[in-house]
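Which chain is which? They are A, B, C and D, in the order written, and residues in each are numbered from 1.
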Amino acid sequence: MQALSFDEIAGLISAKYAPEMVAPSQGSLVVGGEHLLEVASYLRGTPELDFDYLISVTAVDYRGHFEIVYHLTSLQHSHSLVLKVRCPQDKPVMPSVVSLWRGADLQEREVFDLMGVSFAGHPNLKRLFLWDGFKGYPLRKDYSSGT
Amino acid sequence: MALKTEPFVLNIGPLHPSTHGVFRLLATLDGEVVIDIEPIIGYLHRGIEKLAEEREYQKDIPLCDRLDYVAAMSHSMAYVMAVEKLLGISVPERAEYIRVIMVELQRIASHLLAVGSIANEIGTFFTPFMYMFRERERILDLFDMVCGQRLLYNYMRFGGVSHDLPEEFIPALAKFINQMPGYIDEYDQLLAENEILLVRTKGIGVLPPELAINCSVSGPTLRASGVARDIRRCDPYSIYDRFEFDIPTRTAGDCYDRYRQRIEEMRQSLRIIRQAVEQLPQGKVNSQVPIRVRPPQGDVFVHVEAPRGELGFYLVSDGSEKPYRFHIRAPSLINLTPLREMIIGWKLADAIVIFGSIDIIMGEIDR
Amino acid sequence: MEVGRERIYSAAELDAHEGALIEALRASSQQPVTDPDEWLQKELQRNVLVTSVDAVLNWSRRSSLWPVICFPACCAFEFIGASASRFDMSRFGMDILRGSPRQADLLITAGTLTWKMAPQVRRLYDQMAEPKWVIAMGACGITGGIFRDSYSVVPGYNRIVPVDVYVPGCPPRPEALLNGIEMLRQKINARSISTEGE
Amino acid sequence: MTAAGTISQASALASDWPGNFWLHLLVFALIILAFVILTVIILIWLERRLLGRIQVRPGPNRAGPFGLLQPIADVVKILTKEDTVPGWGDRLVFWLAPLVAFVPVLLVFAVVPFWNGALLADLNIGILYVLAVSSVASVGIFMTGWASGNKYSLIGAMRDIAQLISYEIPMMLSLAAVVLVAGSLSLNEIVAAQDVPYILLQPMGFTIFFIAALAEANRTPFDLVEADSEIVAGFNIEYSGMKFAILYLMEYSEVVFIAAIATSLFLGGWRGPFLPPFLWFVIKMFAVFFVLIWIRGTLPRLRIDQVMAFAWKFLLPLALINLVVTGAQVVFWPQAPYWSLVPINVTLLAALLLLWARFFRLGGSRVGI
């Protein structure tokens, strides 16, 4: 029932996972893409962490790689955490966290629609805002509308 | 003998009297019973995130106003708070108080609209809606007095607000907060125990708390399900830790509770405004921030309690005068996640009421 | 539950169809639809019969403009504000808000139009019975406003439907909308059955 | 009970006024047509002004003095609007439906007495005729829903039929009680028999009739047929121009019909002191209109299953009890004075309503999918 600071959380995580899987950096945990589901279910399932509420999912195009950013919080302990996952630009596929947090459903679709990162295991991954046949992914830095 | 029936698909929207804008609900009906729905959105996707990344920080404030056009103050406040956090600047005391007053007034205005539209969707011929609009107009008048606009204010600035309150504002506000509790009681009198309203909302569209948490639902919709999560209390921003107010919650999580929840929150907002007016200090309302700001590299996530739920801004700065990434965590969009579970199995008429009771704004969903 | 049907479209097919429609409309509406108004200045060949019929018809049409519901975005709330108690558009006989375009006379385009929405608005306009009018409300309705540069926004409703009256503002105040309606009423008043259908 | 005929027959209009059988039909047909259309126009104006008043706004006031010409403007505009027919609809039925819906409502007025004996045909089965003919309008509404080829209108039409079938029964039973008291099926004789308005003698009958009539005319809280927030405009969604005008007229003439029947059967019809009988009839009708508009301005709408449950589980048992009680009163206590019957019946109404309301809960649960 007590809030953990970021360092404590990072300590718990690094005790369990190897640094190439999860590494704390500048107030956030950087997770390797293939380990995301494993780490996320640990974060969600461990009683002293208990990250049961996914605030936000978004993606940033860093010209070369995408960074998917997850903001988590725990209603019980009221501590929060930022997860960052990198994925390469040429193969933008991520595991979906919908099985853990349903709240990711529409947000992952949004990222897919506007950023072009697809999520493996998402139940209904199709364009959310734009229509079928829209060319390109507008939030990528190399997007130009052509008008 | 069971009657042989065939389900059929009804396309509700995008332009439908009760879709709150341009929302499309593809409902499969068996007679009157909704057996499947698929929400289709994007009819108001204006590309605000992309536009914001192409403009300077200052020019994004009007865009934020247009996100949720019935709660423009809350949205621009969240945005300027995010940029202030990036810049590492502080806000003068008086400006903080003014912001709180504005945002809480905005919450009342927005909840008035929400409650009015719930009543409208149950089928009252616009009457409660008109009554709610009567009071909403008074709030809009107050905003008009402060910043000359009725709907989209462009009032917040980095490091404060654009200008000080006019002289006549505080007396007008005092009059309003003295009268408003009476009006809220009037709505209670007219609506809360109306037999038809009760049978149309009680027990309808229950959102269990576990599902609500799992689906990241926030705001009054979450609190009506019994989860006391309010950013103003659990992660206090601005000066909310100086005020006394309750976080009302309900237990059942049905449409009736979502309606009552908003009524209660209006009362709490009035409490906050009253305290803020009493404590309102003198002083300047803006710290000198250049028009073209260049925040240092880094990212920031700021979330506030907007009328519809947890509104978050995730900004990434690359040191230039335009945001590198501008992401909005839109409460309305995420509150739609459990819509299918809530609606399925109810009648078509209930589906409309359930949808209305979540209280969404398309501008924020589609962005 | 098995009932024979010719064909049930899958969701993917429906999406693809919608997308094709949008792209086609987008390609075909790069130029504004003009709404000629030279007739407003033209001196009409009037006679007593035509003018009195005109007077009655125009009076009835301008006193009973039923707006259709088309509320995409921000301006909708100023439109609702204009029809709510304080400004009360119903004074002009506009209190009947028809959900069905067949019975409506006036399309008030309250909000930003996106390309995804454009086919629906075009259809709404086509479904309205003649005579019909369009008021483009707000900066977005006129030129796309603050969102003009966006990849998904139609720069003005006049790409899709002919517009009679433009009401600027972001959003226009209810008074401005009422003024726009007043202008539309004057425009209706200048109509004549002898020139209709031209 | 007083038998029909305490009003002297001398004051009654001759049954072939103004002198000839055919002339009588012609004159009354014109009077009814004019009366219905004029009342509808006034009713529309009244409704929009009163709704405005209820909603703290002025309401239409620009077309003519006090906006009185507003309905005229509407009518002229609608009539000169383009007449659209959906391509996928059933053209013949689409064209016929408004007529089938409107004509029966107009036919009902043939037996409504505006004055003592001033009616088109004093049928001795008047109430039966009213019930039979007024139901036909729903066939028209169903035809509109079917012919439009629109799912919304079809849902609206289905709702109308379900609602009609359910509410016809309590309505019929409540009217049967009136017939028992009056001892006649003719509307004119029922009016003549009302030394005390039957709303006092038959309070429960009136309540049931009024609720059922609201449902039959699709007024709030039973306006599911054109529920704005759910099915947009309901059955008339595809109609425009002249056909829509007729449907619009039909809706409001149903209201006039309810008011006329309620006035004749329960409010003492044309009877009243001082003023001419026709005026009394109109005044009482407008009193009913006022209540109807008031209800429209304040009450939300019920859901379809709740509407059905209300008819079958609430109104029907009460109507049966009312019929039995009235029958017993007529058989065992035929000479009962009014001053004793009125309090007894009013108390009975209050007791039964309270009792039944305790047992009866609207609700309806989620369907498992």
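Here is the rule we use: a residue touches a chain if its C-beta (ideal position, glycine included) is under 8 Å from a C-beta of that chain, and two chains touch if they have at least 3 such contacts.
Quantities reported herein were computed from a predicted structural model and do not represent experimental measurements.
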Between A-C and B-C, the pair joined by more C-beta contacts | B-C
Compare the CA centroid of subunit A with every other chain's and tell me the farthest one.
-> D
Chain centre (avg CA) closest to assembly CA average -> B
Taking each chain's centre as the mean of its CA atoms, how far is subunit B from subunit C in angstrom?
-> 29
Where the centres are mean C-alpha positions, what is the separation of subunit A from subunit C, in Å?
-> 43
Any idea how many Å lie between the Cα centroids of subunit C and subunit D?
-> 37
What whole-number Å value describes the gap between the mean CA coordinates of subunit A and subunit D?
-> 62
Tell me, which residues of subunit A touch at least two other chains?
-> 127, 129-131, 138, 143
Which residues belonging to subunit D are in contact with no fewer than two other chains?
-> 51, 55-57, 228, 232
Multi-chain touching residues of subunit B, meaning two or more other chains, are 16-17, 42, 45, 47, 50, 130-131, 134, 366
Throw together a list of every chain pair that touches.
-> A-B, A-C, B-C, B-D, C-D
Residues on subunit B engaged by subunit C in the complex (per definition of touch) | 4-7, 14-17, 21-22, 38, 42-48, 50-51, 54, 62-63, 66, 69-70, 113, 129-131, 133-134, 137, 140, 150-152, 362-363, 366
Flag every residue of subunit A that touches subunit C in the complex, lowest number first.
-> 126-127, 129-134, 138, 143, 145, 147
Sort out for me which residues of subunit D touch subunit C in the complex.
-> 48, 51-52, 55-63, 67, 69-70, 72-78, 80-84, 228, 232-233, 236-241, 244
Sites on subunit C touched by subunit B in the complex | 1, 3, 11, 69-74, 76-78, 80-81, 84-86, 97, 99, 111-112, 114, 116-117, 120, 124, 146-147, 149-153, 170-171, 173
In their shared complex, subunit D is touched by residues of subunit C numbered 56-57, 59-61, 63-64, 84-86, 88, 90-93, 95, 98-100, 102-103, 105, 127, 129-131
